[in-house]
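Chain naming follows the written order as A, B, C and D, and within any one chain the residues start at number 1.
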Amino acid sequence: MRLDAMYQEIILDHYRNPHNKGLREPHDGEAHHVNPTCGDEVTLRVSLTPSGGDVIDGSATVRDVSYDSMGCSISQASASVLTDLLIGRSVDEGMRMLDAFTEMMHSKGEAEPDEDVLEDAVAFVGVSKYPARIKCALLAWMAWKDATVQSMQSVSNDSREGGDVPESAS
Amino acid sequence: MRLDAMYQEIILDHYRNPHNKGLREPHDGEAHHVNPTCGDEVTLRVSLTPSGGDVIDGSATVRDVSYDSMGCSISQASASVLTDLLIGRSVDEGMRMLDAFTEMMHSKGEAEPDEDVLEDAVAFVGVSKYPARIKCALLAWMAWKDATVQSMQSVSNDSREGGDVPESAS
Amino acid sequence: MTAREPGPIDADKLRDDFEILSRTVRDDRPLVYLDSGATSQKPRQVLDAERDFYERHNAAVHRGAHQLAEEATDHYESARATIASFIGGRSDEVVFTKNATEAINLVAYAMSNAATAGETYSRFRIGPGDEVLVTEMEHHANLVPWQELCRRTGATLRWFSVTEEGRLDLSNMDDLVNERTKIVALAHQSNVLGTVNPVRTVAARAHEFGALVLLDAAQSVPHVPVDVTELGADFLAFSGHKMLGPNGIGVLWGRPELLAAMPPFITGGSMIGTVYIDRATWADPPQRFEAGVPMAPQAVGLAAACDYLSAVGMANVRDHERALTEYALERLGALDGVRLLGPADGEARGGTFSFVVDDIHPHDVGQVLDDQGLAVRVGHHCAWPLHRRFEVVATTRASLYLYNTYADVDALAEGITEAQRFFGAVPVREKGR
Amino acid sequence: MTAREPGPIDADKLRDDFEILSRTVRDDRPLVYLDSGATSQKPRQVLDAERDFYERHNAAVHRGAHQLAEEATDHYESARATIASFIGGRSDEVVFTKNATEAINLVAYAMSNAATAGETYSRFRIGPGDEVLVTEMEHHANLVPWQELCRRTGATLRWFSVTEEGRLDLSNMDDLVNERTKIVALAHQSNVLGTVNPVRTVAARAHEFGALVLLDAAQSVPHVPVDVTELGADFLAFSGHKMLGPNGIGVLWGRPELLAAMPPFITGGSMIGTVYIDRATWADPPQRFEAGVPMAPQAVGLAAACDYLSAVGMANVRDHERALTEYALERLGALDGVRLLGPADGEARGGTFSFVVDDIHPHDVGQVLDDQGLAVRVGHHCAWPLHRRFEVVATTRASLYLYNTYADVDALAEGITEAQRFFGAVPVREKGR
């Protein structure tokens, strides 16, 4: 049954018991994305730690990712998996993962994703066979990208100004 | 050759040597008709004589029909044949002819027109096979109908008022 | 599976005319097509008619003096006559458009064009202080064009609400329809709820105030006998592709005296009277509203679809769908954790079923159904305000047509149960069966 | 009859793909189709592609989660990609309409809609004092929509004249194109004269003043290689049915940044961002301009037509028609009493020949030709102002395509001579032959 190839056990687990769900403080950036085809949405927050000194660049660490969302099993599971994978990594690593994930999602089920790079996110390869569901899997990742870009700007500004993390970015 | 069935000798003769062409006075009614599909036109005048006394009705005589026109062979010949047939007849006879002619033109070439009623106008039966040309044949007849209706009104008014034939009706 | 009386239609036999219905999907599952509300499948007879036109009579309609052009024109105008009589109308009342959407936009744009179109067309003028009335259950195609008309002209948009049962709320009709109302645009049958609206009641009130009534019949003409002389509407819009016909053709029916008083929408060739470099006059309807080389092959295909439906009998189509609807309401009603939007009884409703399954996203329901070969639609079905009113983002929708069977309904009920099992949403049992 | 070098296209062989070209008309005369300027015939490959879509993949595009809907969407979007690359464009620059006429109306209405569409769309605003520039040789489809835009907005319509030779008169271009000019709309190739217009010259001047340039490419895209990156136009409109494709589909190509800044025309389903009961936002292009269930089967058919033309090679199509055009100019030029409108030499002109025969009405000429199996068009060919400029009410028009042959041109010349003989108009001889 093709259904099992799409809804892998990992996906259903994360869907039933999502990790890191619920918006948390502190955060440096926040993004709200809507899937226009179904109206589902995600709000996602990112908090970064500079890798050393004041300079904020790709080497910064993703200190926290939290989110609130409404949507289908795929979008919920994807957000949950994302937080597991990205918290604690560098921004550069996260962006590479995002690229690999995006590429996999556009492979029409043909990709043989590298588990060393994507880890648990390889579970979504089956989703890429269903064009209507690709956006579901990508929704949180796109929000993460936006929130991270924002975070980097806001942290840099803070560093330059020596100020505090703002209560709410964006 | 089907062409000969359409462009009967009578039609070509009237086309080459039209009768009663050129607008004449006096007239009681005038109508201008345009064929919207090709832009061709006819202006046609009618003059009536009451059959007796002041009363103008279907028994009135078509004293004169004249016209000016621009158009294809069919429309030119039809106008010419019309004048030959209608001048000197009663309005009622003319209207009956018009009905018979219209019916024949919508017969898709299937009609066996009554030569006793339509006389030379039977020559147009072949045209009725060509939907795009039916309007060509009917153009002058429609103008005659309008001009005649107008003439009857104008002559009645004149009779009631005892006035002259107006210089230009319509 | 249930044993049932044979209905007025032998759907199994009729399915032979629809090549696509014998195909399989997703690892050799037979296709169960429950998405005719989005678009219908087309019988061989329709495809043959269209192809025959292309292979034997193709030419530009109303534009040539040669034999092919004559034949093409003849086929096109005969198609118009067939389609007109299918809805009880006359040829000169039927305007061809590309779909129902264009048909509705045509009227909405004609109304704003009337502002600059001269006295002849003043009947259609609309402006600040005037009101346009729609309903909360409209498809976007019969809502957004009116929003836009209001924006272009300064008129005010108002709307009927929908009751919890999915019926039009007529309680404030006396307020909503008044001397300021210029046009009332409403669905004959809802594409989400299946609800059939009380058109004559609304039309009667609207006509008291001289308002126009436009009926979105995209979901009724395909499914029930429709007679324009009985509905009380002034305009009727529908699409060919939802009624066994080709894509790319729709119809606007209008009262002839109104069409004659209406300025054009799309302008160009074939819709003109005379043209000067700086101005033009218009042809009479329906040509006035058909600019450009028309979709003659599609008109021929749609006429063939009407012939097909007439041969089956629209009353039989209606009765067949009624019987299936009763059965579907029973089966779906027996499922735990399934909430149907729209009337729960078969009275004044068609065979369209939009539902939510507790704790399972409609898209996930659709995915499980798809995996079993069932084609349904998920989302807001172009009726977002209606979904908001029921406080859901999306629903799963199954919609029936003449080629559907009791077995298809069984497959739907079983498919939903399977989705519940798969996602562990509710115990696998049907209540009360 | 003339013996000629075999050209780049073996038209006789290619004709086998066109079922209709082997039929007879009027008492068993073989059909000589010289009316492709009105609409082209369609090869088997196009009809097969469309039918295959209906029989195997038919579903509502962009609207379902089931396998058929996926396949339909995939076919529709692949068709868009094929058609885009056929004109050197990108997928997101191609909007499907029902025909060229709708494509042009789309831009004209977007410009008047911009008045009330908010700041985002201010680029397209137009009003009193602004100018819209057309030419005297436009098809009504590229004239009347601009007349109407001017009436809706109070802008002023201006036009290029046409010279006696049938060329655009550019002598007053510096006056005509100025800082008030908002848009220049012109034909790439005239449907009456065959003239190919100097688009780049006009576009360059227009762009100096920030004016938009819309090209009516209905008569060029089917006949010559067209590359939107080279023309300098901002918008390009054409129809499928004139390029071997199905009826009911047309294309508006537009620069992506302009499409993005343009408010919608027809509104309804599938073109929205979000919809509330009283307001809506728009999807990105091209969806923004494609309301309703689209004509997916027709898009697939048009893509098959592009594939067919690409396989033949558009440069070959051009060269084939050029050779036939030279030959036709020679044969027609040799006929006494025949006056051709438009360029007498083959330079910058396509294979369209509109003419008058002394003392014979164009409709009578057409009738004699029809009787011999020749399909031509008679009338003003939807270019009434151009006919006025040449002081004729109507002309007879023959137009060529890739499936025409030297023998077809011979038949035309002989047909005209026959008409002259039949009506006794001129002595039966060809001058100088």
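Quick note on the criterion: contacts are C-beta pairs under 8 Å (C-beta built on N, C-alpha and C of every residue); 3 or more make two chains touch, one makes a residue touch a chain.
Not measured: the values here are computed from a predicted model.
When chain centres are defined as mean Cα coordinates, B lies farthest from chain C. With B-C and B-D as the two chain pairs, more C-beta contacts join B-D. One inter-chain figure worth recording: chain C and chain D are separated by 32 Å, centre to centre, where each centre is the mean of the chain's CA atoms. Centre-to-centre spacing of chain A and chain D amounts to 49 Å, using the average Cα coordinate of each chain.
Inter-chain spacing, taken between the CA centroids of chain B and chain D, is 41 Å. In chain D, the residues that reach two or more other chains under the touch definition are 26, 64-65, 69, 274, 363, 367, 378-379, 384.
Multi-chain contact residues of chain B (touching two or more other chains): 39, 130, 132-133. Chain-to-chain contact here is organised irregularly, matching neither a line nor a ring nor a star, and falling short of all pairs touching. Every pair of chains meeting the touch criterion is listed here: A-C, A-D, B-C, B-D, C-D.
Listed in rising order, the residues of chain C touching chain B in the complex are 64-65, 69-70, 73-74, 273-274, 283. Every residue of chain A that touches chain D in the complex is listed here, in rising order: 36, 39, 130-133.
Of all the residues in chain C, the ones that touch chain A in their complex are 26-27, 361-364, 367-368, 371, 378-380, 384, 393-394, 422-424. Note for the complex: chain C touches chain D at residues 19-20, 23, 25-26, 31, 33, 35, 38-39, 41-42, 47, 51, 54-60, 63-69, 98-102, 104-105, 109, 113, 116-117, 136, 139-145, 147-148, 151-152, 157, 159, 239, 241, 246-249, 266-270, 272, 274-280, 291-298, 363, 366-367, 369-370, 374-379, 382, 384-385, 388. Residues of chain A touching chain C in their complex: 1-3, 6-7, 12, 16, 37-40, 70-74, 130, 132-133, 136.
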